[in-house]
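Multiple structures are listed underneath, in structure tokens.
Okay, so subunit A shows up in both of these, paired with subunit B first and subunit C after.
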Partner chain A sequence: MKFICSRDRLTEAISIVQKAVSTRSTLSILDGILIDVTDKGVQLTGYDLETGIEAQLDADALESGSVVINSKLFGEIVRKLPEEEVIIETDERLLISIISGSSVFSIKGLSAEGYPKIPEVKDAEKIIIMQGILKDMIRQTIFAVSTDESRPTLNGCLFSCDGTNVEMVAIDGFRLALRKQQMGMDLPIMKFIVPGKALHEVGRILGGKDTELIVYSSVNHILFDTGKVRIVSRLIQGEYMNYKSILPKTGETNMTVSPGAMLSAIERASLIILSEDRRCPVQLSMPNDETLVISASTELGTLREEVPVRISGELIDIDFNPRYFIDALRVIDDGDISVQFNGSNGPCIMKPLEEEDFAYLVLPLRR
Partner chain B sequence: MNRSILHIDQNCFFASVEMLNHPELREVPMAVGGDADKRHGIILAKNQKASAFGVKTAEALWQAREKCPSLVIVPGHYEQYEYYSRLLFELYCTYTDRVEPYGLDECWLDLTGTKYGSDPVATANEIREKVQHLYGLTCSIGVSFNKSIAKLGSDYKKPDATTYIPESELKRMVWPLPVETLLFVGRSTQRKLNRINIKTIGDLARMSFPYIEDYLGRNGIKLWQCANGIDPTPVQRYNVKRDMKSVGNSTTTARDMLNEQDVWYTIVALSDQVATRLRRYQRRAQTIQIWVRDTSLDHYEKQRRLISPTDSADDIAKTAMSLFKESYDWSKPIRSLGVRGTQLIDETTPDQLSIFDMVPHRDKSNIDRVFDTLRLQFGDQIIKKAVQLQCDSKLIENGQTRDTPGGFSALNGIERKSRHKIHSETAAIE
Partner chain C sequence: MSRINQLSEQVANAIAAGEVVERPASVVKELIENALDAGATSISIEIEDGGIKLIRVTDDGCGMDKDDAYKAFSCHATSKIIELEDLEAIYTMGFRGEALASIAAVAKVELLTCLPNQNIGTQVRIEGGKHIFTSEASGVRGTIITIRDLFFNQPARYKFLKKDHTEAQYITILCERFVLIRPDISFKLINNGKPILISPGNGNSKDALYCIYGPEVVEQTLSVDYKQSSVIVRGFAGKPAIARKGRGEQTIFVNDRLIRSKTISAAIEQAYRPYLMKGRFAFIVLFVQIPSALIDVNVHPQKSEVRFWNDSEVFRAIFHALQNTLKQSDLTSEPGHLDPVTSATDNKSDSDSSKQLGSSCLSENVMISSPNNESDIKAAIDNALTASDVDPSKNSDIGKMLPHELLSLNYSQGFNKYGKANYFKEAPLSELSSQTPSDNHADRQLGMDHVSINSNMSFSGEPDKDKRDALSELLQARFVGVLFATYILLESNSAFIIIDQHAAHEKIIYERLVDRNRSKDYLKAQYLITPQLIRLSRAEVLMVQSNQDRLNELAFDIDLIGDFEITVRAVPSFASDSDIAVLVRDVLQSLDIKNNHLEQDIYHHLATAACKAAVKANDLLDVSEVQGLIKDLTILENPYHCPHGRPIIVRYEKSDIEKWFKRIV
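On to the complex of A and B.
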């Protein structure tokens, strides 16, 4: 096996596939990156048996072959190489030479035969989606993915397509994030739960607004293919929570507000709310139908701030975890939004004024 | 400023209380022992006469009988010990408000800033006289400038003695002592220290600090500081609700647990008691831990953080059971089990409403309240869960388990030196 490539391109490819390399595996081969040189080119692979990432590398493939090299060591070596041009080759004893300028590393490799095969996504349905759109959808929902392992289905985003719209939903038990995108074309009907970790990596590799990405899904796996990088993940099996039943259609209180203004005020309130005490509330109250008062009071001190709003319905006085508002308001890019409240124990929903493109639900803290 | 700290250790407390109630026991070697049939058969305390035969606290009853065939073993009367303990603490509170119990029979007093602070040795002697005069009990008192050295002082001379260790005498009096006399040096830490040739407290104190820190971790920092007379921990105020770290119950069942059903019965009983205590202390646990010891006495612990804090027996039992199922391979039967709630928060802390609550389900908290009310009025045995009735009475009699004080030792990374002592619930909790 032999190829010549650019150090920076190689570093980039390593850092992409490294995200799927397990760090605490009992199988030492899983700590490695698989390097595969064929006449089609050079490909790097990382796979922790849950998520697999393959990255194509711009390189001159001189001699076919494959080898597995320790991921951490490989990454650190390449990053520190002296020259831009890098030559990598192996001998019959699987000794890997990494040559750049006058420095020559010889590192022991492992046989590629022992490396597990990333599952092929067979008989797949496919959706073509713009990278920029999917990137936004991930960013706007992933923060609400649960990390509580006792409910595995909530450890991922529900990704569904009804033929014309693609929808992503995440729920962590206390809040919900929903994002819908009209695709305006004929799409297959599908529904599956993608692990949060895989989506996180997908979000990182997605680029420009105008490039396409193909998503393939089978019963057990999903594949995101940008052409340069392919991410394969196991799907989470099981029935996702019936979230539609918890999204109220109307609210007892309807408020129109600029998300930016509300965000900054809650961020200021959270300055005096010690982050380790996640139960210290921010208080939202309405003295009249034009003012939202955001206040917080802790051992450190207090904050009171007024945000201009338009209100119809009941005036409220409710405590919330500021974190949940901040996470949602931060990813809302539009102009004014509608915020609905449903009494001091009911859900609060943030939505666009007109469309149904997104919905963020947060539950209050009981006083 | 130099502090005046006293550590008071009642001499053979349980045995002394028994002898107060039964003076005839004074004349014979006697010991307070657990119930061998329930496999709690160890010596809990013994009198001087028994000590003379070499009877040791925490050894098995049969071992003790071997050394001293005439040994009279009486069962413990905890309500009596608690009664005397409370009287003693009340007496100590007339000297200072800073009285920190450590179990039923030990406590620290901080006299700094009180009128007794200028002559702590005289005060210690006065306390000893009063304890003897009022209650017929004797105690050893260590007087020093911090808590850990004061504790060494009370061990220095026994029974009925006062030992004063001023800072200037640290090297002469403390450094030659074996390192395991230091609070928090248990058997395994002792072995570790002996391995690098640390035998005395002085050996430890003279080691380089970074080396000890590296060798023992966080625990090492504290030990090294104690050895060098650095221990700024304050003596807590009496009756102040102390920063409760955890609420746990554990039990060694009367026969080994052989299958998941046995474990489930035990976990239900333990969880019920943990939950009841949590509610009594108005706390909720955010993390549930289990502790499992098999018949070869190997033990391990597992824990899980809950999505919402709980004081419900049901939640605790389910979490504990799932932790158990995930972690145990049944290579051996199980001897002891513990369940514990940690990362406690006040029950008045606002409750984050959860989406799962929006989907209607049976609220069990009312059932828990009924349990609490009935038990308060009629005693703990008045009501129990049906599953506990099915339970083999050989496993857990009357659903009784033991409150686990402060923590299972290994969990804190700190070994309790006085492991053999029975630490009451109040000592650990209030």
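On to the complex of A and C.
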């Protein structure tokens, strides 16, 4: 095996696949990156048996072959190489030479035969989606993915397509984030739960708005293919929570507000709520139908701030965890939104004024 | 041929003896209990060779007539119960009617008894369960029972006896416990002809405590007297300074019966938690009175375990009794006491000699270490800190006005020579706020002043006088300097006070955090997006049912669905990351042992947070910072121990220091 490539390109590819390399595996081969040189090109692979990432590398493939090299070591070596041009080759004893300028590393490699195969996503349905859109959808929902491992289905986002729309939903037990995007006609019907970790990595590698990405899915796996990078993930099996029944159709209180204004007021309120002290609430109250008062009171002091709004229905006075509002309001890009409240125990939902592009639902704190 | 034999009474008693008579101490226990039940006011116990050769218990009780004296040895013979209903309200010590028969089955027993105002008594002799003779005998009021050659016919059990002195020790411990329960009875324990324990029998518990533990311990204990509904708690709570490494010195009597109880141990532990380091256990002698209908003592033949009708009430009563007592007391650490564990058994040492022993031990520490290097000095101080003790009696000395040049001179020279201590010249009170240049000796002084810390603060609440005196002394003490940038040195009229700045600050922050968390806003219930169904055991569901209010207070919102299921609608907001089912089960479990684990977890987090936020050792504090620290410290409920139980304040009497330098001998 032998190839020549650019140090910077190699570093970039390594850092992408490293995300899927397990750091503390009992199988030492899983700590490694698989380097595969064929006549088609050079490919790096990282795989922790749940998420696998393959990255194509622009390189001159001189001699076919494959080898596994320790991921951490490989990454650090390549980053510190003296020259831009890097030559990598192996001998029959799996000794890997990494040559750049006058520096020559010889590193022991492992045989590629022991490296687990990333499952092929066969007989797959596929959807073509713009990278920028998917990136936004992930950003706008992933914060609500639960980390509570006792409810595994909530450890991922529900990714579904009804033929025309693609929808992503995340729920962590106290809040819900939903994002919907119209994609076109006659798309395959699909519904599956993608682990939060894989989505996180997908979100990082997605780039240009105008480049396409193909999503393939089979019963057990999903594949995101940008052409250069392919991310394969196991799907979470199980029945996702029936979130549609949770989303109230109408609210007892309807408020129209600029998300930016509300966000910055709540962020200011959380300045006096100590970061380690997640218990202190932010209080939302409505003295009249044109004012939302955001206030917080801790032993550090208090904040009271008025945000201009338009309200119809009951006036409310409810405590919330400010974190949940901040997470949601931060990822809303559009203009004014509608915020609906349902009494002091019921859910609060943030939606666009007209469309149904997104919905963020948070539950209040009991007084 | 029939294989099943009806055992003879003799064999049956020998078997039963295995349960009642385990070792000489259990014989002594049964006999003392009998004597007490007979209304004795003075009981003498004589043992030889650890009680194996001889146990003789002499009482001045009501005695027995001839018939009773013989009947007493038959199985299930008791004067204490006649019918089953009597079991409901047992006030006497023994009641199963097994004791004498069992003892007689495994030893040579001689009973000499005489009814009051009669001249002729009865003598009964039984050996290994065999009746040897009954005869008339001359007698004085009461009963003398002599047990010889215990287990002479039971070689297996005989083999398992410990060495004589160990068995004697068991008997001593046992007698001590009787002394504690019955201060109104005069006990006398004679081992191989030597009296080793004599109690006055004057009805004063403190005197009883004194004759067992000696003056050191008596000085270091606080009296407990508390009543909560039907539970009365009296006794003695050791100050943290005489805490032990095990629960061995926790003596608990319920209705005058020595028992072990997890509930009570847990209550003690929790009450002392803010005062003790991990792995230390308080010295406790408690007498708990509970209406006998509310406990079941008939659980175990040795009656060492009881069941409470209402565990949580007992827990609360004990907890509050101890907490109140501790809160109201001055618990300043005082270095140089002998380790009370070692001194406790020394009954003969009188108050003065042991105090002297204490201070001479300390002075040696300091003398040895002071001349040469700093690490030795530090080690000596550390030693003194860890070996620290509390002494309430000394606070009465506050009024004594004594000069303090000794301390200043010797310490300034001693320490400054090594450049570590900051000593500052005394400033007149009028120059309180001005910065006075420091003493010439302080060649590496760090820019601090010698000021007096005055305060016009008033105390919140009504602390006990002891504590108030100690704290006002602290407030009025003059600030001398900081040692090793860690220990604040203060001087009062009669004492030299050292405060660990980190521990002090940590405690202040901790209390603040705890206060904040006690306020109602602290536990907020976060509603769940959908109620979560949790399957529990039937017992757990019942727990939920009976603790709905408590769970509500802890910011849960739980509905009962069926015998095995609940739905959770809201959980405490700080716990929103945890697995809800696990959380609920944990909380139920902690409710079960009446000991709020959840709150404890929170307090543990707080202690850690406080530790991180507090000034560290080696952080240089400004004078005003020191003043602030001491002010804040004095308003705390427990300014004496940091959240981890280490002492904050250590106090040397001026007279102790004078003794080091042999100014007074």
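Throughout what follows, the second predicted complex is superposed on the first by the 367 of 367 C-alpha atoms of A that agree within 3 Å, B and C clash if a C-alpha of one lies under 4 Å from a C-alpha of the other, contacts with A are read in each partner's own complex, and residues count from 1 in each chain.
What we mean here is this: a residue touches a chain if its C-beta (ideal position, glycine included) is under 8 Å from a C-beta of that chain, and two chains touch if they have at least 3 such contacts.
Because the structure is a prediction, the values reported are computed rather than measured.
Superimposing the complexes on subunit A yields a three-chain arrangement in which subunit B and subunit C clash. In the superposition on chain A, A:173 makes contact with both subunit B and subunit C. By the document's definition of touching, neither partner reaches A:105: not subunit B, not subunit C. By the touch criterion stated above, A:299 is placed in contact with subunit C alone, subunit B being left untouched. Subunit B is struck by only one stretch of subunit C after the chain A overlay, and of the options 96-104, 222-230, 438-446 or 510-518 that stretch is 222-230. Subunit A residues in contact with subunit B (one complex) as well as with subunit C (other complex) are 148, 150, 171, 173-176, 241, 246, 278-279, 281, 319, 321, 345, 347, 361, 363-366. Within the complex formed with subunit A, the subunit C residues making contact are 516, 521-530, 532, 555, 557, 570, 572-574, 576-582, 609. The residues of subunit A lying in touch with subunit C in their complex are 147-150, 171, 173-176, 241, 246, 276, 278-281, 299, 319, 321, 345, 347, 361, 363-366.
Considering their complex, residues 146, 148, 150-151, 171, 173-176, 241, 245-246, 278-279, 281, 319, 321, 345, 347, 361, 363-367 of subunit A touch subunit B.
Of all residues in subunit B, those touching subunit A in their complex are 304, 307-308, 322, 345, 349-356, 358-359.
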